[in-house]
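Each of the two complexes below includes chain A, the first together with chain B, the second together with chain C.
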Partner chain A sequence: MNFWNKIDTLDRRWVYLLVAISVILPFILPVKLPVYITPETQQLYDAVESLPDSSIVMLTFDYYPSTIAETEPMSRVALHHLFRKNIRIVTVTTVPLGGPSMAEQVTREMAEQYGKVYGVDFVNLGYKANYVAVLKGMGSSIEAIYPTDNLSTPLSELPLMNEVKNYDDIDFIYVVADNGIVDYWISIVNALYGTPVGCGVTAVMAPKFYAFVSAGQMTGLLGGMKGAAEYELLLGQPARATTGMDAQSLMHLLIIGLVLMGNIGYFAGRRQKGKKA
Partner chain B sequence: MSGMEIFVLWLEAFITLAIFSFLYKDNPVYHMVESVFAGLSAGYYIGLYWKSIILQQLWEPMTRADNPKWWLFIPGIFGLMMFTRLWPKYSWISRIALAFVMGSTAGVFLITQLHGLVLPQMQKTMLPLVNSKGLEASFLAVIVVIGVISTLIYFYFSKEHKGFLGVTAKVGIWFIMISFGAHFGYTVMGRVSLLIGRVQFLIEDWIGSF
Partner chain C sequence: MRTTVPVVIAFLSGLVLAVSIFFRPDKTIIGQLEPELLVWVTIIGGFTLFLGAVSITRVNFNAVQRRKKGWGYSLLTLISVFVMALPSLLPSTWSPLFGDAEGSIYDWLFQYLDKPMMATMFGMLAFYIASAAYRAFRARSAEATILLLTATLVMLWRVPMGEAFLRSIHTALPEWINTYVMNGVNMAVQRGIIIGAALGAASMSLRIILGIERTYMGKG
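And then the complex of A and B:
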């Protein structure tokens, strides 16, 4: 049995071991490979940067805990940027499992860093079921959809919400999502109400939305952990996404190597069988 | 770090490692953690839907003293009608509620999909092939137009793909394959990111806390 035959019948657990080494090694011996800024990330950054002081942004936490490796760094960079620019934030989520609590935890943690006050500088509206009705309903009245915030405080008792009645009072919508809800932020909110929408989505979803960016329906796009890392660099605050980029690059090299080896092994085996026949 | 925080950190690390243990071999610890996750999710959803739908969106607005929305009893009854599916003899009643859901959903989606997705995307495909932004923009516009037309022709099944139609459909396949490749590459990147996230937690948060 030659080398290529062995590769063809290799126990998959050796591949898992190689994957584990490729992911763990860069955390022990960081290489700090360069990360380049894509035009879509730059566009989203510029859109937020151009918002005037005290603008109001709706930030969504439309993701499940299973994707926080990609999405939470996006929420953090968004909050950094918005709080740093003194922009007021209304957070919502259309995802029941984890969304409301993650919004609460991450937003309050970041607000504390910037000395922001709940109810004045930011509000967490939490979760409401039936996202299509929620997205459409907020176009008429946010209070009709969310009579109270995530902690059951009536919106009339929150000074920020006295200024925010519907999408007309929101300057920008910053969607961070891991599911098909992004389509509805575009097709309902952007298309019907004209509010600009910028998105951070998981890498699996990203290719679909490039068409929306080039069509002008979406103002900028962050694709997966790489997108979050780019935004961290633009902010000058490298964090978890940036440190994960070494492992990401090494893993991609390993996968390319494995795909090449697998194909060479397959064709070598086929050639050998042909010779025997 | 408080005692509770340390406990949660160790529990999280144990659950992560228990799930990863499946990569070596199927084992009872993996199955236990999997079952705990399924049970917790089911319990969480029941509690959440009870609070956010039955109580907050139906019962409280219907029964409040100030401006009660009494008409909410109609969707409430529609909701109850769905449960008739449990009794085959009366399951036809649930179709009335389903018809309402399907009709209203179709109406909403028809407008939003057409107005929000189909028309704007079509409009942005109608590009000037000679672009004032320069040679690169013109080249990209030509690629977009060829890609859209050839892919649409690939999905045109009313005439056999022969001659000019066949060649164009083949070009369409190439565009589709390139698109699949991009999607697959991004999917791999996404899955790798999730693994990195867990490893980052184990190394930086869990081991880092020792």
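And then the complex of A and C:
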């Protein structure tokens, strides 16, 4: 068995070992290569930046705990930007498994940094079942769909919610998601009520949404951890996503290298077989 | 009767929601029906979650009771469901450990067990993807070669190291990938898929409203 045959039939445990090294090594020896801003990230940043003081933004936590490595940094940059600009925030989630808890934890943690008060500067509405009905219903009355917030406080007791009756009172919707719900924020909320929608989605979902950005139905797009890293750079606050960029870089390069090696091994093997025949 | 009633309910609900968009909610009865129906839908959605909990309990309880193969996993599932759900259903006024606020049993289990376990499961995909890419992503045909080259370019473009490498070849190469690959070829294909899927969803909805599609009732 020659070298290329060995490469072609490499034990998968070697691949697993290389993956582990590629993920761990950059955290010990960071490279910190420059991150360039894509136009889609810039557009989302500019949209939030152009909102007047005391505007009201609906921020969604439409993701499961499984994708927090990609999605939570997006929620954090969104909260940083919104709180920094004194924008008031209403958080919702269409994900029952952990959505309300993650919204509660991340938002309160960030609010504490900026000295924001619950009920006045931000409110967490939590989860309600059947997202299509929830999204459409909030167009008529948010209180009809969410009579109480996530911790069962009636909306009438929260000063911020006295100003927010439906989408007419929301200036921007900042969706952070890892599933198909984004389609409905665009096709129901943006299309029917005209509220601008900007999104942060996992890298694997991002290619789909370029069509919506181009059509003007979506105002800016963050694609995966790289999108969050770009946003952190725009905010001037490098954090988790920027740290993760080295590991992601090395991982991408490893996969490209493996694919390349696999193909060379494959073609070398084919050539040898052809010679023998 | 068991078929007719659900078909009539589906027809009326679908019709009202489809037509009500053309009527003002503050002036007409049909316009007022829409928000009312949407509240009903969220309430029914809550009951379906309850139904799911009942179903998972019944299936796993039966498996444990009859000592079916893998009954230990069913027992663990039951324990997990009830340990997580019961304290969160009790009012937090009784104890700060109840409910789902910070510091409750539910919150602790979610933050320190559920969340890391789910992230770990998802993170393990990286190992399988790397191994699968190594074995399966071969330039066997012209189409596979195009896919391979495009994927390589996009993977390089999406990370700082790859982008630095692309810029070393030509400073505008990353912008070209964004313009011609992501906002060009990719967008054109995605638009086709999105429009096709939307037409499919619209025709399926119409079939349900008109009672032609009945598989949701367990009928072919």
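The working rule: the second predicted complex is superposed on the first by the 277 of 277 C-alpha atoms of A that agree within 3 Å, B and C clash if a C-alpha of one lies under 4 Å from a C-alpha of the other, contacts with A are read in each partner's own complex, and residues count from 1 in each chain.
The rule is simple: a contact is a pair of C-beta atoms (placed from the backbone, for glycine too) under 8 Å apart; a residue touches a chain by one contact, two chains touch by 3 or more.
This one's a predicted model, so the numbers in the text were calculated from it and none came from an experiment.
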| item | value |
| --- | --- |
| Partners on chain A (chain B, chain C) - clash or fit | clash |
| Touching partner for A:203 - first (chain B), second (chain C), both, neither | both |
| Chain B versus chain C as contact partner of A:119, first or second or both or neither | neither |
| Contacts of A:64 with chain B and chain C, given as first, second, both or neither | second |
| First, second, both or neither for A:226, with chain B first and chain C second | both |
| First, second, both or neither for A:140, with chain B first and chain C second | second |
| Partner chain in contact with A:238 - chain B first, chain C second, else both or neither | neither |
| Partner chain in contact with A:269 - chain B first, chain C second, else both or neither | neither |
| Location of chain B clashes with chain C - one stretch out of 38-46, 74-82, 164-172 or 200-208 | 38-46 |
| Residues of chain A at both interfaces, chain B in one complex, chain C in the other | 16, 19, 23, 66-69, 96-97, 128-129, 132, 136, 187, 192, 203, 207-208, 211, 214, 223-224, 226, 248, 251-252, 255 |
| Interface residues, chain A side, partner chain B - complex | 13, 16, 19, 23-24, 27-28, 66-70, 96-97, 127-129, 132, 136, 183-184, 186-188, 190-192, 202-204, 206-208, 211, 214-217, 223-226, 240, 243-244, 247-248, 251-252, 255 |
| Residues of chain A defined as touching chain C within the complex | 10, 12, 15-16, 18-20, 23, 31, 33-36, 38-39, 64-69, 96-98, 100-102, 104-105, 108, 128-130, 132-134, 136-137, 140-141, 144-145, 151, 187, 192, 203, 207-208, 210-211, 214, 223-224, 226, 229, 245-246, 248-256, 258-259, 261-263, 266-267 |
| Contact set on chain C toward chain A in their complex | 21, 25, 34-35, 38-39, 41-42, 44-46, 48-49, 99-102, 106-107, 110-111, 114-115, 118-119, 121-123, 126-127, 129-131, 133-135, 137-139, 148, 152, 155-156, 158-164, 174, 178, 182-183, 186-187, 190-191, 193-194, 198 |
| Touching residues (chain side chain B, partner chain A) in the complex | 23-24, 41, 44-45, 48-49, 52-53, 57, 105, 108-109, 112-113, 115-117, 120-121, 123-124, 179, 182-183, 186-200, 203-204 |
